[in-house]
Every structure is written in C-alpha cells, then in structure tokens.
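Here come two complexes built around chain A, the first alongside chain B, the second alongside chain C.
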Partner chain A sequence: MVLEMMKTEIKEITRFPLMDLYLVIFLILVSLWMAFHPGRATLMVANSPSEALQMMSRKILVMSYASIEFLIAVLTSLLVALSIARDYERGRVHLILTLLPSRRWYLLSKIVSCSLPPTISAVFSFLLGLLVIFVTIPLVESIIMMCIVLLLTLFYSSLTLLLSLIAKRLIPSLVISTIVALFTNMISKTLVYFELHKIPTFSIIPPLCYRTVLTVSFNMGPNSINPYVLVPISITYIIALLLASNYYFNNIMEVGK
Partner chain B sequence: MSDVVLFEEVSKRFGDVRALDNVTFRMSENINFLLGPNGSGKSTAINLMAGLVRRDSGNILILGRDPHDIYKIIRKVGFLLEKYWFYESLTGYEHIVLAAKLKGIERPEAAARKAVEMVALGEYSEKPIAGYSKGNLQKLALAHAFLGNPELVILDEPFANLDPPSSKHLIRVINELSRGGVKFVISTHVLSYIEELRGHVVMLDKGRVIYEGDLRDILNKIRGLIVVKGRPLDTLASILESAGFKYTILDDKIVVKTSSVNELSKILKMAKDLESFELKRGIIELEELFRLGGATWFSK
Partner chain C sequence: MRRNITLLRIGLLILSISLILFAIVVSMSNKSEVGISRGGKSVTYYAYLSPAPKVKLLIGQYYIRVPFPPTRRPTCRGRVEVIVLDPYGTILKRVERSMPFELKLEVTTRGIYTITIRRVDQSMGDLPLIVVIEGVDRDRSLLAIFLGVCGILLIAYNIVILLIRRWTEKRK
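Our next item is the complex of A and B:
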C-alpha cells in the first residue's frame, strides 16, 4: 500500500525536470571546484601514475562531490516543503486521509518519496563524474559516502517535513526550509574550516558532522569520526524528527482548517 | 433504527470563530441532509465526521465509532470533501485504482471500473487528470466516495460544478443506492438540486442547529414563498402593506409569504400606480432564504 503511494508520489515529483536540473548544477559545481583548486592538487605527491590518478579522484572529485551536500540539502528541503504544503493547501492531504488507514503511512511515503529522487540523482551524477575523468573508483569510500548522503537527505527531509507541517502554508514552508538548509550548512562549513570537528562532542549533531566525515574519511587523517557512531546517531535523529512530525500531524495540526 | 451519525453537544472553534456551538443531532434515515447557508458550519461538521478536525468538546459517532477510529471502518465509509486535489499525472481510472488499493479494497480494478461507471465519467476516465474540467474533477471525486460498496457515503456539496444532466444522474444514483441500503449524509446549500430526494434534514445556521425534520416540510414551507418583482419597488411595497401581506424586501425584489397567489396577482393587476410586476413561485435558495431572515422560520 505504501509502495503504491510512494510510486505515485515519485511519478508526480518527476513530472518536473528535477533530475536534469540537478545533474546540470552538479556538473557546474564540479567544474568550478576543479577550476578554483589547482593549488591543492599541486601539493599532492604521487609515486606512480595510477596513484596520482587515485589521489586526484579522492582529492578533487570526491571533494567536489562533498560540495554537493549543500545542493542536496536545499533541494530536498524545498521538495518536502513544497510537496507537503501544496498537498495541504490544495486538499490532497484531505483526500488521502479519507482513504489511507493511517496518517503515519502518508508521512512515511511522503518523506521517502521526496528523499529518493535527490539521492538517486546524486549517486547517478557521482558515477557519471567518475566516468568523465576516467579514474579508479574509490569503491569503499564511495559506498560510505552514498550512505551518508542518503542519511543526510533523510535528515533534512524529516526536519523540513516537521517545519512545513508547522508552517502549513506554501511560502512560509519554503522560506523556513531554505533558511534551515542554508543555516545548517553554513555552520557545518564554519566548523570544518575552524577544525572544530576535532572536538568529539560535536559528533552529536549529525548534519554538522557530515562534511567532517566527507572530508576526513577520504583524507584518512587522525581526526576521523567513527562512522559506526555517526550512523546510529543520524538514524536516531531522523526517527525522532519523524515521530515529532507524526505527533504534530495527528495532535496539533488541524488539517481541515 | 441505529444512528448513522450522532453529534452530542459538539463545539468547535477556529481562533475567534465559533464554527459549531454545542451542536446536537442524530441522523438515522437512509438519506440525511445537512443544510445551511455558507459559513453555517456544514463543512466543519463533515470534517469532524471524517476525523480531519478535532472537536473542542462533545461526542461524535459515525456508524457507532469515534471519527478518530474511522480508519478501522474506512472501507465502509466513502467521503466527498469540499476540498480535494488529485495526482494529475495519473488518469482518472488509475487514480481510483490507487485509491482502492489505499483503502484495501479487494480486486481494486473491478471496484474502480464500477465507480467510474457509476458517476458516468465515460471516456475521460482514461485521460490524464491534468486535463479535466471542474465538472469531471467533481465526478472523479464522487467516484472516490462511491468506491468499494460503502455502507455510508458522506458528500459535501456533491452538486458543485456539475451541469444539470450530471446533477440529475447523481440524484438517480443516490436514490438507487439508498434503496439498496446505502446511507447518505449530504451537505448542501442548494435546495433545488435535492427537491427529488427524500430524507431527514438537519439545518445549521451560524454553528447552531436551527431545524431538524423532514425535507418535504422544508420544501413545502419554501413553496409558500412568492417572489415579486415590480417597479417602482416602494409602490409595490405599499400596495402589499395595505393589502395586509407579510413581505420582505430583498435587493430589487420582494418576497411574500402567502398561500393565496391568485389573490395577490389580482391585487397587483388592479394597482394603477404599478408600472410592471412579475410573480415567481418555486424554490428559493438557502442563501436568499437566510438573508430574508429564514432562520426564524425554521425555529426548532
């Protein structure tokens, strides 16, 4: 039942050229990053051509990919906020709630279906990027990164789901979601630049750590945060936000008005 | 006869607006009407029945269950809400199949086909919803309400956006289904559409129940009203006044409550100062009726 709902939601979302836009923006970001970071590349010391290629892929492409985190966050935030607020304003929430046996399934299908397209397009763009520069694929890191991107996307989705439920209306939802996405990313960047990620207590704030993880996991430096700790914490945050959304939807939000 | 819908001292506020004020009524007939002008609280009552809004106080039972447990009997109840929006990338038929699956109906395709036929959506059912007219959207919403042989169908403004033939078709469907034992709660402010139906009426005004009774009685009361248009209006009013008729001025016309139409017509024909006049007898819509102070005519 929920799968049917998700399938329809995804079909509805992808009516718009979301994937195409996403891919174009990603490629522009990668190109810009490569253009403005030649200095970093010159610091690399490689012992063989294959090692040089691998380092290039890790230092340049992977770092470029890490910069797409911002885009995923904003895009997912907007998508969830748009989707929920539009459903509410135009009456689809009302229609669905007279059909679905539980409101929880509506929320779940909404969040997963809104998070999947950005995640899938991120993975797709990454693979395409690798093909473009013909380098050896850092497989393990890539898989970890994909998981982190999915968690990040789900985190932002669940956060903005709650926010858009509170805001109810389309424009406030969009504004709040964008501000939240921008704000959390700004902090994240600041923390990385000031190397605050070295302080372990910051690991309790998952979104702020994603960049750190993306940075250090590929540098394999001594300050690497253990993903085995980060992943369960992230999942806990996502579940907590979803529960809060469900509570808000059921008990506080008056759908009919 | 067991209650289809029961409201006991139900109140609901939206901020400063009191949408329902200590409302008590029961509906147990095959066809039940929730009537009232715009803003009387009908849609709030329907949303309360659907469990989409929480009441501030009181008790509500739908087929013996609290609306917030309605998910346990969701297959038995079909809703047409005032507000709806579909997945526009789907065709009408696909949307109803999806709805049938979400409702957990067995053989969703067959149920969807039946619902589409019931509302006479015709060839449009195979076309994407994005291109639907308002009338076809309303038919599609009605098909969702009739999906899967429900025991109770709750319809909020079912005739909105429907053309006269479609409205007549809907009346026929409602009559047929109700003869087969399906219960209906129909909320509307358009009396002329429901003339051909019979059933129990709960009339709301400003969030209060002002009348409970049979639809025939209401229609008979309204049929006793005659609309008179004439020029000059003040002359017409003074003629009616001197002849001893009870009347109310409404914009450019006067509504007279009388059973002696012939007498009224005769008096107006004899009046020398009247340039022209026109008499109209029939159903006056609720909006006009309430502007005339109709609420007092339906005191409980």
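Our next item is the complex of A and C:
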C-alpha cells in the first residue's frame, strides 16, 4: 500500500521537471562552493597524506552542507506544501479519509517521497563536487553525509506536513512553510554566528542538531557532545512531528470547502 | 516521447554542469597564494595542489593575506633541506639552501604533496612556507570540455530522433 502511494506521489512530483531543477540549483551552489573552497592549493599539517586528504574532504563536506542547508530546507518545505495543498484542493484527502487503514501510510508516503528529490540532488551534487576536487570519493564520509541530508529533509518535510495539514490551502501552506523554514534556518545560523552551537543545550535545537551530528561524527565539532545521544534526539524530532501530524489528520482535521 | 524529453533534460543538465565548471575554471585562472608557518627543527606540511602551468614554493617567507600596500614579506634565516614528495610518494625535489628561497615545481597530478623542511644548521625558529599557483586549472577545464561535449551530443541525438520520428509520421 505504502509503496503504491509512494510510487504515485513520485510520479506526480516528476511530472514537472523538479528533479532537473533541483539538480541544477544544487550543482550551481555545491560545485561553485566546493570548487572555490579548497582553492587551487591548500596547506595542512597532518600525520600522513591520507589523513590530510581525509581532513580536507571532511572540511569541504561540512562547509558545503552548511552552505546549502538553507536551500534544502526551503525546497523540501515547498515540495511538501505543494503536494498536500494539491491533494486537498483536488479532493484526494476526502478519498484518503474514507479509507481508515491507509491514513498513516498516506502521511508516511508523503514525507518519504517528498524528501527523496532534494536528498538525491544534494548528495549527487556533493559527490560530484568531491569527484571533481579529489578524483576519488571517500565512502564513509559520503554515507554519513547522505544519512544527515536525509534526516534534514525528513525533518523539514514532517514539519511542513503538519503545517500544511493545518493551513490546508495552497497559498497559506506555501507562505507558512517558507516562513517557518527560513525562520528555523535563521535561528540555526544565528546560533552558529554567535558560536553558541558549541554549548550542548543549544546544539540539540533543530535543524542545528543535524549539522552538529555531522561535525561530531567527522571529529570537527565540540568534543563535549556525545553523538550516541545526539542521533536519537535528532530522530525523535521527526517521529514527534509525524505523530502530531497523524493525530491531527485522524482526529482534528476537518475536510470541507 | 517521454523518454526523449527525459534525454533532452539530461543533456541540458550535463551542458549546464559543464558551463558551471567552465565558469569556475575561467574565474580561477588567476594567481592564488596560500601560506602556513610552524616552528621546530623539522616540519612536514601537506599541500593539496591542482595541476597548473606555474607552481612555486616560497620557503622562509611569511604569508600576508592582503599584500596592499605592497610591502616586503617578513622572512626568516637559516639553512634548510627541502624534500618534496608527489601523491605517489616519489621524490619530486630535494634541495639544500639558505632561507628565504624560491622553488619551482612541476605539478602534473592532482593530490596531496608532502613538503618536508628540515634545518641543517644550528639556527632556530619558524619554518614558513608559501605556495603560489598560476595559470589555468588543467583537470577542471578538461572535465568541463568533456561534459560539454557529452551534453551537446545527447541533445543532438535527441533532436535527430525527434526529427526522424516527425518525418516518418508525416510520410504515413
């Protein structure tokens, strides 16, 4: 059931050249950033050449992630808001609400299918950027990066899902989700700007927690934060938002014109 | 029809990537400099270098981020031995001179180069290094050209297929 729903949703998304647009936008930003960041020469102090290569690829990945975090947030939010509003205005939500067992799968399929295009575009751009810079792709770093980007997109899609279900219509959903995405990102950037992200209490605030997980797992972040605590916390936000959406969709949401 | 449109999209995408890369290559063709400094009897620096026509190592000179107004760079003294290894570990250059001095390198492979600076006399202090790189980035420009050609070929193939299809439909 959920696979069928996801298939339909992905078909709906790919009806428009969204993936191509995402790829071009991400590539412009990531490739430009990644190509300029190491410059044409970089000097480091390390124990071995492989350690120097690893240090550099990690540094570039973290910096690139920070530069396109905002874009991932906005694009994912817009995609989910558009998808929910389109379903509501076409009357698909009415149909879903008549089928009791499929409600939670509907929400799950929505966030997974809307998270995939930005994740694939972002990860593809990161890998291409690394390939251009280093000729090789560091496997472990790439997998960690992929997981973090997926968590970030899942967080934004579950947040926008709740907001779009409350807002229902197209324009309010788009406006609210964009404002919330910008606002959360602004908070995260402000915390980093004032170097408050090094304090464990602030570092668990989403979406900063995803960047903290990345920096801690790359040994580039503050040592006081335990990654084994941070990872479950960052997943909990997504689950909590999904449960809230499910509760709202099942018990409170009214379907009417 | 859908398959052809997807091919056209992919072609346009590849072409746009190549244009981005080409823009990067053109904008990065100017001179760039980086510097580092550590103290000790012997220091090993790792330099990530990309192939370029001119690569210079300035040993014994401190790096100044904005050299304006043009001032003389602070230098340090002492006789040192410099060993430069390429990414495969083979010795590229091995010289023994008094600081400050300039060393020209031939960089043909992108990667991490190992630069070891060791004092051979009784002098003490920092062992600074500046890397100056000039000219067009060879690897990136080649990649941009390759991707551009792939994109154009894909678009051309797609247009030819569409034209043949239209022509055969007209004949029917």
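Simple rule for what comes next: the second predicted complex is superposed on the first by the 192 of 257 C-alpha atoms of A that agree within 3 Å, B and C clash if a C-alpha of one lies under 4 Å from a C-alpha of the other, contacts with A are read in each partner's own complex, and residues count from 1 in each chain.
Note that contacts are C-beta pairs under 8 Å (C-beta built on N, C-alpha and C of every residue); 3 or more make two chains touch, one makes a residue touch a chain.
In this text, all values refer to a predicted model and were calculated from it rather than measured experimentally.
Asks: If you stack the two complexes on chain A, which partner ends up touching A:Gly91: first (chain B), second (chain C), both, or neither?
Replies: Touch partner of A:Gly91: chain B, not chain C.
Asks: So which bits of chain A does chain B touch that chain C touches too?
Replies: none
Asks: Of all residues in chain B, which touch chain A in the complex?
Replies: Its residues touching chain A are 14, 43-44, 47-48, 50-54, 71, 74, 79, 81, 83-90, 98-99, 101-104, 141, 144.
Asks: For chain A, which residues count as touching chain B in their complex?
Replies: Checking each residue of chain A against chain B gives 1, 4-5, 8, 11-12, 15, 87, 90-92, 94-102, 254-257.
Asks: Provide the residue numbers of chain A that touch chain C in the complex, in ascending order.
Replies: My answer: residues 17, 20, 23-24, 27-28, 31-32, 35-36, 38-46, 49, 52-53, 56, 128, 132, 134-135.
Asks: For chain C, which residues count as touching chain A in their complex?
Replies: Answer in residue numbers: 9, 12-13, 16-17, 20-21, 24, 28, 32-36, 38, 43-50, 52, 55, 87, 110-112, 114, 129, 131, 133, 137, 139-140, 143.
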